[in-house]
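Heads up, there are several structures right after this.
The same chain A turns up in both complexes below, where it pairs with chain B and then with chain C.
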Partner chain A sequence: MEEAREEFVEYYAKNMGGVLGWFKARVYTIERWLYGAHRITGILIVLFMLPHFYSTGWHPGLWGDFILGIIVTFHIANGIRLILAELGFVVGKPLLVKKPSQRPLSLEGSQRYLVALALLLFIVLAVIWAYYALIVQAATW
Partner chain B sequence: MRESTVMFLHYITAILIAVTGLIHLLANNEPTIGPLIKENPVVYMGNMAIFLAALLYHAFNGVRVILIELVPDPCWTKWISWAVVIIGIATYVVGLQVLLVALGLV
Partner chain C sequence: MSTEAKEYTLPPEVLEETVKASEELWKPIKKVKFRIYKYNPKKDYAPHWEEYELEVSKGMTILDALLEIKGEKDHTLGMRYSCRMGLCGSCAMMINGKQMLACQTRVIEAAGDGDVIELRPLENFPVTRDLATDFTSFFEKHKAVKPWIIRDEEELDNPTGPYKQTIEEYAKYYQFTDCIKCGACLSACPTAATDYEYLGPQALAQAYRYLVDSRDNGLDERIAVVDVAHGCWRCHFAGSCSDVCPRGVDPAQGIQLLKGLIIRRKFGFKPHKPTEALPAKIAKKKEQ
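Presenting the complex of A and B:
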């Protein structure tokens, strides 16, 4: 039983689940969901860039621009959180996680507020973008 | 290059993209500020050169990180890294040429 649990932790710590492993976030924390979303949005932005480079001036249209803006604003808001966490500004005290269901203590404390702030920043930026893309810019189409 | 240096540059380019990408958006869409940026080729071209470099570094390093995570094998990692560097530099050269032609500077 103990060995199986250790194998489980080792398996998911390496993310050996492949691409499907990104979506296995049900038993994990909100940070795990944000990780998956950050990765998916990053890939989507790269996919947008390819035709935009090939034919400069190409755009995915009114609603495509809106969706692209939402994707980019999420990537920006979550990216700011990741940079701050990476540089060690708002990370709690690190402690070894022994069970898969145990929350890493480094994610407690000020990290909770940072996650909330990142999501709030995402909503604010998304609303600003929605106003610009769907109301201001739509008038010129 | 050390992996920590690569990832530090990943974050630096992220901030650069946020700034230069905003200027890029304003230059092409904002009716009042846009023409002011676009009529100055040094500002527009310099912004685009930094934007393109930062964007390509960030995008290709992101793709590289995903690939070496999915295929955690030292031999694969080395080849993926070299392929990404070569494709990235080639794309930057082509992109700069396209920009210079579009601005009528070449």
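Presenting the complex of A and C:
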């Protein structure tokens, strides 16, 4: 009983955000939402890979195929943005002079345009995939 | 020449206007309910929330409100503050779910249209009591990246002259020197939510600050600390650290530039050759 109490107290005293902390995006910028979505899509892709590696003939079905494609296209589009940002290409240069309430250049500079481009790429790829999965591929079934 | 001090008074209309503006700033205009997280890990089984109602004015900050609550309503309230002007970084806390400095946030602005303000201790930091959190591991992480100029000991012990630095070289790191170590960035970081050992945005941005300093010669030493499993590669650019930073330090930018620097270094590129110490005039005079 005493041990259980200690664990309970430790949980609150540590005050860690935990897995739910990944998705607390409400008060932050759009990059945090994309971070959460990138995590979920990444985990779902790994989950799909397990049966896929077990038997490559396994198929998630018509709608499953469609959803998987959407997930993968998002992960690709956002992944391209992340690669460019994380190599330091679009995050801007450190400032020598700051405004009194300076907003971060890494978020609100050219990186924001890249976010828009990534989302646009996602929509384009998703529409193409939806057309292929739901109309072209479904006709052959 | 008369020694009498000349008494200076404002023109009456200016004085009246100033008094009026000041009265307006401190006149109670709204009742706001403060929901405050109360928890003492040594005594309590679980945290609970306490509510206090205060009449607030236009100029009142969250810290003013907390001090009023502590003075008049609940003297057991635990919190940390020091300078009251956004320079020390002691009073960072979660105000309505977002990391902010209590001394720089006005109650009216934080409440917005509503009339409830929720105050929590910084997430991802162990709670000491109520709104005060334990910064031991945060400072240890900061120390781990060696936040000082690394040079040959001979030059540091017996300096022969100042180091030359151009404004361009200075501009590379100046932004990151504004960090006040308030902990808001580590608290907002989603990676730190599940990884206790992650160095965090503050330490990584400081590592970059010293790596690009033209006087520094600690490239290999410092990269050995940040280019590890719980180092800079855990950052996935959620950008929340820069979003909450009260000083505009932009740690996310620093971490991404640090990653680029490490990758370029793997291809044999070094950010700079440490500058030579300039011959000092004092040293020359001594020789003469």
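Rule of thumb we're sticking to: the second predicted complex is superposed on the first by the 113 of 141 C-alpha atoms of A that agree within 3 Å, B and C clash if a C-alpha of one lies under 4 Å from a C-alpha of the other, contacts with A are read in each partner's own complex, and residues count from 1 in each chain.
The rule is simple: a contact is a pair of C-beta atoms (placed from the backbone, for glycine too) under 8 Å apart; a residue touches a chain by one contact, two chains touch by 3 or more.
What you see is a predicted model; the values in this text were computed from it and never measured.
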| item | value |
| --- | --- |
| Which of chain B and chain C A:35 touches, first, second, both or neither | second |
| First (chain B), second (chain C), both or neither touched by A:19 | both |
| Touched partner set for A:79, first chain B, second chain C, both or neither | first |
| Contacts of A:46 with chain B and chain C, given as first, second, both or neither | first |
| More chain A residues in contact - chain B or chain C | C |
| Contact residues of chain A, present in both the chain B and the chain C interface | 14-16, 18-19, 86-87 |
| Residue ranges of chain A in contact with chain B within the complex | 14-16, 18-19, 39, 42-43, 45-46, 49, 53, 56, 76, 79, 83, 86-87, 137 |
| Chain A partner contacts - residues on chain B that touch it in the complex | 7, 11, 14-15, 18, 29, 55, 59, 62-63, 66, 69-70, 72, 91, 95, 98, 102 |
| Chain C residues touching chain A - in the complex, by the definition given at the top | 39, 41, 44-47, 96-98, 121-127, 133, 167, 170-176, 178, 188, 190, 192-194, 196, 235-240, 242-245, 248, 250, 252-254, 256-257, 259-261, 263 |
| Chain C-touching residues of chain A, taken from the complex the two chains share | 5, 8-9, 12-22, 24, 26-29, 31-32, 34-36, 38, 82, 85-89, 91-96, 98-99, 101-107 |
